[in-house]
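There are two complexes below, and they share chain A, which is joined by chain B in the first and by chain C in the second.
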Partner chain A sequence: MSNELRSVTELDRLIHEPARLLIVTILSTVESADFLFLQRETDLTKGNLSAHLSRLEEAGYVKIEKTFKGKLPLTVCKLTSAGKKSLTQYRQQLQDFMNRTQ
Partner chain B sequence: MSNELRSVTELDRLIHEPARLLIVTILSTVESADFLFLQRETDLTKGNLSAHLSRLEEAGYVKIEKTFKGKLPLTVCKLTSAGKKSLTQYRQQLQDFMNRTQ
Partner chain C sequence: MQSNLSDVEQRVKRYWYTDGIGELTGGGMFILLGIYFAAQQYYGENSLFSGLLQGGLVILLIGGMAIGRWLIKALKSRLTYPRTGYVEYRVDRQNSNRRRVIVAVVAALVAAFSLVFAERVVSFLNLTLALTGILVGAILIFLQGRGSGLERFYVLGGMSIVLGIALSLSGLPDGYGLGLFYGLMGFAYIISGGMVLRRYLQENPLPAEGERE
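== the complex of A and B ==
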């Protein structure tokens, strides 16, 4: 059995981290989302959300644009095509593991 | 949507870690397993496997007995009922998340 099961250790750990999995999942359902929306939806602290978004941006999974809405700063986040692809692959690998170990 | 999705951040991180998920999954399919069997099945290094087993033992998820087989040391690992329960709950929560976000 083990070769197939063992592939669970090859899961993309950047996405596997639960808070980041939540962030990329939310972003996968919208065209883009601003920081406050993500904070409300995830219930993460500002610091935690920032840190996770930075990790995702560094990996090329999320694109972050800092602009202004009037005089207020606005941070807009968007899942990149690389991020979408990695999420799809992650979900497939995880579901395969779940199915094989029912 | 978010309250339900957000529960993904409450996953048991002890089990969520991929190598430990593999270990507890293997242990859930057998009565008990010795260290060498687990090492072969997981393909983890001795040090990594030891460290993960210690974490699982500290949490009360795995019981580890060090005995001898003749003159050779034998380390026998077994998933406890608490470990079984946590794995079942983890799988349920994860599958719920996957189903809700298809």
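== the complex of A and C ==
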């Protein structure tokens, strides 16, 4: 297997999935965001978003807190330091791959 | 789904300006400043009220910013977060310190220029007004416009520069000129923010109880 192909197989598959990559990218830009904001920005259904967030939470990439803002229930999501590190590493790996194949 | 991650990041950063609430509050601040400068000119330099006003500028600025922040938070909690979601932005201390340094350096250069050179060179201009317009315009264009990528801040920045220079040629005393400048800029900000808020509320009706989370 060539080095280029090997570097692709080493990509973090949890982040590589487009919907999760989008969620993690959004959360990397802010301190935290709620479920409604993520749903609007990603165009995912509630069930889909919920499932992706659960997987990211299980991996320790995202921290989810259920809270209240006044009377409104809020599900606030925050990228953990492990999540930030994985995203940075993923982008670097992808960039390296692109540089090598160009 | 958006494929360009940089676009996603830019859009998320721009979300702060999506409702125009920041501009409405900023416009209110500008109008208060306008009233302050006009009142100072009206009461004259040697009156007791003017002395009180001079000491009150710092209180007006610090108090206005604190009230403005509280107002923005309260309005966003009531109007924006239930409609399009809650976002808490990261405070980039390094970046905000850099911004403060840039603004301070530009302000210092402008002040030094007006004190040392400009008064002799362009005596027909009211420099305080012209430089205020240029400084406010530069802040709007380079910090708000470039930072958010929103065209309306470039328009407001351009308006500030044109208004500052136009008023500097009007022959108005400093206080009334500054009062008019900040007053008109405040109204422009409020009109801009009001239009953005109106469109935002039309495009984003409040979700029904069951639709939330």
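Definition applied: the second predicted complex is superposed on the first by the 99 of 102 C-alpha atoms of A that agree within 3 Å, B and C clash if a C-alpha of one lies under 4 Å from a C-alpha of the other, contacts with A are read in each partner's own complex, and residues count from 1 in each chain.
Note that in this section a contact is a pair of C-beta atoms (placed from the backbone, for glycine too) under 8 Å apart; a residue touches a chain by one contact, two chains touch by 3 or more.
What you see is a predicted model; the values in this text were computed from it and never measured.
Between chain B (first) and chain C (second), which, if any, makes contact with A:43: first, second, both or neither?
Both partners, chain B and chain C.
Quick one: classify A:13 as touching chain B (first), chain C (second), both or neither.
So A:13 only meets chain B here.
Could you say whether A:31 touches chain B, chain C, both of them, or neither, answering first, second, both or neither?
The second partner, chain C, only.
Quick one: classify A:88 as touching chain B (first), chain C (second), both or neither.
Neither partner.
Where does A:22 make contact in the superposed view: on chain B (first), on chain C (second), on both, or on neither?
Touch status of A:22: both partners.
If you stack the two complexes on chain A, which partner ends up touching A:72: first (chain B), second (chain C), both, or neither?
second
In the overlaid three-chain picture, which partner chain does A:101 touch, first (chain B) or second (chain C), both, or neither?
Touch partner of A:101: chain B, not chain C.
Identify the overlap between the chain B-contacting and the chain C-contacting residues of chain A.
Residues common to the chain A contacts of chain C and of chain B are 18-19, 21-22, 25-26, 29, 40-43, listed in rising order.
Which part of chain C faces chain A closely enough to touch in the complex?
Where chain C meets chain A, its residues are 1-2, 5, 8-9, 11-13, 15, 77, 81-82, 84-91, 207, 212-213.
Across the complex, what residues on chain B touch chain A?
Interface residues on chain B, with respect to chain A: 1-2, 5-6, 8-11, 13, 16, 18-19, 21-22, 25-26, 29, 40-44, 91, 94-95, 98, 101.
For the complex, which residues does chain A have touching chain C?
Result: residues 18-19, 21-22, 25-26, 28-43, 46, 69-70, 72-76 of chain A touch chain C.
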